[in-house]
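In the two complexes below, chain A is the common chain; its partner is chain B in one and chain C in the other.
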Partner chain A sequence: MRDILSSVRQRLRRVARATRTSGDAGHGGEDGTEANGDDPALDDGAVVTDGGTTAGSDGFVDRLNDRFGDDFTESAPFWLPPFLLVGLFVYGAIAWNFVISLTDYQGFIGPDYSDLDFEMYVRAINDSAVIDATVNTFLLVVAFTAVALGFGLLLAILIDRNIRFENTFRTIYLLPMSLSFVVTAQFWLWMYNYNNGVVNIVLGTVGIGPISWIGNSSIVLWAVVFALVWQFSGYTMVVYLAGLRAIPTEHYEAARVDGASTLKMYWRVILPQLKGSTISAAIVLMVFALKAFDFLYSLVSGYRPPNGADILATKMVREAYSTNNWAYASAIAIILFLMALSIIGPYLYYEYKQGNL
Partner chain B sequence: MARLELDDVRKVFTDDDGSDIVAVDDVTVDIEDGDFLVLVGPSGCGKSTTLRMVAGLETVTDGDIRLGGRSIVGQKPQDRDIAMVFQSYALYPHMTTRENMSFGLEESTDMADAEIDERVENAADLLDIPELLDRKPSELSGGQQQRVALGRAIVREPEVFLMDEPLSNLDAKLRSQMRTELQRIQEDLGTTTVYVTHDQTEAMTMGDRIAILDGGELQQVGTPLECYHRPANHFVAGFIGEPAMNFFDATVEGDRLVTDRFEYPLTADMREAVEGADGVTLGVRPEDIEVTADGPASDDDEFDTVVDVVEPMGNENAVYLGFEADSRDTFVATVGGMRRIDAGESVVARFPSDAVHLFDAASGDALHNRSLEDAADTEPRI
Partner chain C sequence: MSDARHDESDPTDSAGGTDGLADRLRDDLAGLDGYRVALYATILTMTVFFLTPIESGLVTAFKTNPEGISSTLPFAPPPPQFFTLEKWQTAMAALGRGMVNSALYAVPATILSALLGSFAAYGLTQADWRARYKAPVLTMLVAGIFIPYQAVLVPLSQFWGAMPLQELLTPLWVLGVPEAYTGLVELTITHVAYGIPICMVLFRSYYRNVSEEMIEAARLDGATFRRVYRRIVFPISTPMFAVVLIYQFTQIWNDLLFALILVSTESSPAAPVVLILAGLGESMEGQDFALRMAGAFIAALPTLIVYIMFGEEFAEGVAT
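Here is the complex of A and B:
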């Protein structure tokens, strides 16, 4: 694969060089086709067209190439279209959403872009429902990520001990991840059922409960976190397992010979080497936690999650599609966006510092 | 520092299908306090397994390992006062050299930080790496990592150093340099050391004594020169020495050894030694073969040969000789590097009777070893 790519690249570079010389020749009033004829690679019509623009604005292109690297303009046909599409439909949409959040758009009459202010944000900050939803979102993200990481790590360490049926266990733990939120939500709804749910029946045998998992507003968020942990710790386990497998056995042995107890060995020698796995798993988990909307939506088949489990995503959709407060919903969306950015931003910066970007 | 005794140590691995594989078979070695013992043998001979049993990284199936007279079988690695140097160095990548070296002391003792620091710096001085203390392993070259791995063992001041092919990842020049340095450090510290290698040069040059293993069984324990001049059996004779000893299968017929190429006269000593043996293997080291240009062969122990290939090494030439031109079955002799000798040349090879070894063809045991002036000092010990 790599060979093909590099040969394509080389070919393109040759074409660009040839067209540049032919372009220069054209300026001089001489026949440029001779230069073209020398290079059989010039048969690629599409690329030549690109080279054609090169000839016209040589200085500008050279400056661009100097700034961004040799093949910046040559490779433009490949990266520019997706770049523009993503720019328009992702970043453009975010920008438009931000503009809407500055208007007073609500109901069925279109937005008025002449009067832009931060009124909706002020309203959000003073709205206790939004504050609750923000706190819940934050708790969900932090608690879910932390518990899923811890639990996944524990599973990975246990599975990494050369146990029998290792592959079977790994598949079993990973399986919930393959299920859709709709399925797991319905499934946990049954599990948490007040009268017949498995959870209450099991707890009932040891004399606890029954507990209203979904109905009690101070418990429901943790019930949701538990269900999500169940679904995603298999994923964390796989990420950690890959990390553990990359650590040579000699490190365990060296630590043991150095006199470290098992706990100290993991804490001081193994865990620090799993930093990369932890960061990448945590990012994925946090993003999933922010998307917990699907789960909550499926839990109650509607935009109104159980009391105590309202998060920004559900609040946003409810404002938009139940009450048609478009501008207000957009403001909440931007708040959610900033929260997501505050998670991804440091990660991207870390990767940049590590030289991975 | 202490004496390390391995007493009938045995290790059996059970395969997935339930069959047993004997990795180490009743190995008994006694390593004196301060001794440098090299465990040497081909891949899969059980030398690493033996070392790992001493370290506590493998359980002992049967037998006893005593350190300073006290059995350490069943103890966890962290409770045995040992330090190990791994082939891959096993430096912790997230720690600096200083942290790597102090880790063992922090975990195994309750020494004060200042004292640990002092020990680390002393060890760094000894190894000539004080400027590397604040670097991470990824910023070190292979040779430097090797020194850090050694330093990590040295700071512990353990009873025993265990080294598992520590030099095999270095290039040839660095390897010979580190070989000398390791020996110097071991002599300075006087710590009992068990060193595993497959490289017979390391075994010959480094060890006070060497233990040769094959197929999990101990073949011979002795000083390097004992093993070289008085090999206990065919395997040891072939393993120690480079280029390897030449072997010829022969039968005893009266006072002569008869091979399919030549006949060799037996001395009275040899006749006595081979009595009762059916098949005998004659062994002679390449450097003991005398190669002379003036033929034809006039004596019983001289043979007419043709030079097949010459490998010049500078200090010596390895000459491959065949009994006839273009023969595939050749044996090797070494001659001085300044001597000019060409392929295709006819020469006379002489096997001096005082340099000949005889082995029992069936068991491989040595029946007769070469004679030495100081034979009394080099009686083989097993």
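Here is the complex of A and C:
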């Protein structure tokens, strides 16, 4: 049904366009002028050549439109410049980064592109610091995502229970997310302070500690995870809240009529319907976790994070900008990119299958 | 339904000390079931959890270093003998220049990336071209959101190192602008490029729900694609522009990585505020936490103001 409609629309549009063109014929003549005349500032090269070369019938623009769809050339000025910019800065840069990772580029003399090999990757695999950073990255991403999801879901359910001042509480829970990693790092550095920090003073009242949260290499990663959970569970809460609100009230009522307890109702009826929210929130959280570089840098005001909290992101930047091992840093960056891709690839495929792309 | 009625007996109403209140409190509590009490207790505990780091930072910023900090509880307000505004003055003197620099690139980058994101979303939703070709373009733009920026850093430095931007901007230097401000132009363009994907996705979710009939009718009347954008789509995008501008501004203002790579030193005249803050309190007289906290609040001020004024839009931006 939709297919028929859209083909009817296309035909109608063609008629409309033909009428317009024939009306223009007195002034200009060719098919191409219409596209040219309308937006001279936004035209790309292809359209301009067309106006000159093809007079009369089937122009280059029409052939492009026949191949790619009706609005292809007319909409190009809108999507093409942003697409080219992103293409250059994201995909061009990643490709370039890969090539650099194959060179031996280091120090201040530019890269030599004539001698390419995978030496840097071999070095990375045998570097225990890279292995540690990979393990830490993995732990950070998994622990942070899991805890932030669980905690955010709890917050969303609490907020969704018909409470008073719902908006105020929601605003407070989401507040840390509006802050920079640099700012929250200052707050948590103070929270974790050995002598005067809130965490040690509160724990001191129940006879624990004081604990050196940042200085102890086996705890620091979890301290960072805790701070990140504080900053981002508000985000998961908002996503889950939108998901909860989308569930029809009848589902709750049906569960009630069946005599299910509140806990059972959430577990059996509500949770399964939040699958979409969970997946998209998890993806975004993982991306935030990979960006934890800003937080770790600010904790120490330098490239070397506290012992035990080195992740691939910090290791990469340190190799590049502190010791100028550019090629090696690029190789680490590619490893990080592949880790991200292994998460995003399936996600985008899933979204595509769901018809969201 | 009974839940809704219980709402009327809110614990904050009954938080009082006198005898009359105590009676009312007892009545209220009788009306409350244990479940409701536990619910509100949990919600208030969470509120304390989320506010403590911020509150502790705020009170600390008004204390003298080291006496005030070490002899008071971290979350207690400063007693008169340890109260000082000096840290705010010092922090403002150190960060003031950074605030201006941050605004100089965050504002244009926010507007440009929102505009380009809106263009891209319009060209990829309302335009009629084959999904077979549209899907890869769309996928590449969407995937751009999730790229770890480390994967583009080295080429980015190389690229900006090779670009003759400094020569192109000669008129500015003649006018007396420090040459280090090249870094801010680089930051603007970089943030625009990496901001487009998320802006595109936000606008796209909005444009998909725009009534097709209206646009179709305009097209059939012979309006060009560009005219439809100017006359119909752009004006009705205003609410979404609010969401995107707020979200993008917060992201760009808060970002440290690109500032660190492209401006590199906090002593540069073009250093953004986050870059200066990252080194504040460390370099001066050891770990001065009072100064750090004051600095953190000053650096966060623009995003805090935006968040408090437009909390709803911010929530919408992150939820999409």
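Keep this in mind: the second predicted complex is superposed on the first by the 289 of 357 C-alpha atoms of A that agree within 3 Å, B and C clash if a C-alpha of one lies under 4 Å from a C-alpha of the other, contacts with A are read in each partner's own complex, and residues count from 1 in each chain.
To be clear about the criterion, contacts are C-beta pairs under 8 Å (C-beta built on N, C-alpha and C of every residue); 3 or more make two chains touch, one makes a residue touch a chain.
Just so you know, these numbers come straight off a predicted model, no measurement behind them.
Look at chain A after the overlay: chain B and chain C fit there side by side. Using the contact criterion defined above for the overlaid structures, shared-chain residue A:Gly259 touches chain B, although it does not reach chain C. By the touch criterion defined above, A:Val269 reaches chain B but does not reach chain C.
When the two complexes are overlaid on their common chain A, residue A:Pro248 makes contact with chain B while staying clear of chain C. Once the two complexes are laid over each other on the shared chain, residue contacts for A:Asp70 go to chain C alone; chain B is not touched.
In the superposition on chain A, no contact is made by A:Gly308 with either chain B or chain C.
More residues of chain A are in touch with C than with the other of chain B and chain C. Taking every C-alpha atom of chain B against every C-alpha atom of chain C, the smallest gap after superposition is 5 Å. Across the superposed pair, chain B and chain C touch chain A at no common residue. Across the complex, chain A is touched by residues 3-4, 7, 10, 12, 39-40, 42-43, 46-47, 49-54, 56-57, 60, 69-70, 73-75, 116-117, 119-120, 122-124, 126-130, 133-135, 137-159, 190, 192-194, 196-197, 200, 216, 219-222, 224-227, 229, 250, 253-257, 260-261, 264, 274, 277-279, 281-283, 289, 292-293, 295-297, 299-300, 303-304, 306-307, 311, 314-315, 318-319 of chain C. The part of chain B that touches chain A in the complex is made up of residues 55-57, 76-78, 82-84, 86-90, 92-95, 103-104, 107-109, 152, 156, 162. Chain A makes touch with chain B in their complex at residues 248, 250-251, 253-261, 264, 268-269, 272-273, 275. Within the complex formed with chain C, the chain A residues making contact are 6, 9-10, 12-13, 16, 19-20, 38-39, 42, 65, 68-72, 74-83, 85-94, 96-97, 100, 111, 155, 158-159, 161-165, 169-191, 193, 195-198, 201, 230, 234-235, 238-239, 241-242, 283, 287, 290-291, 293-294, 297-298, 301, 312-313, 316-317, 320-321, 326, 329-330, 332-334, 336-337, 340, 343-344, 348, 351-352, 357.
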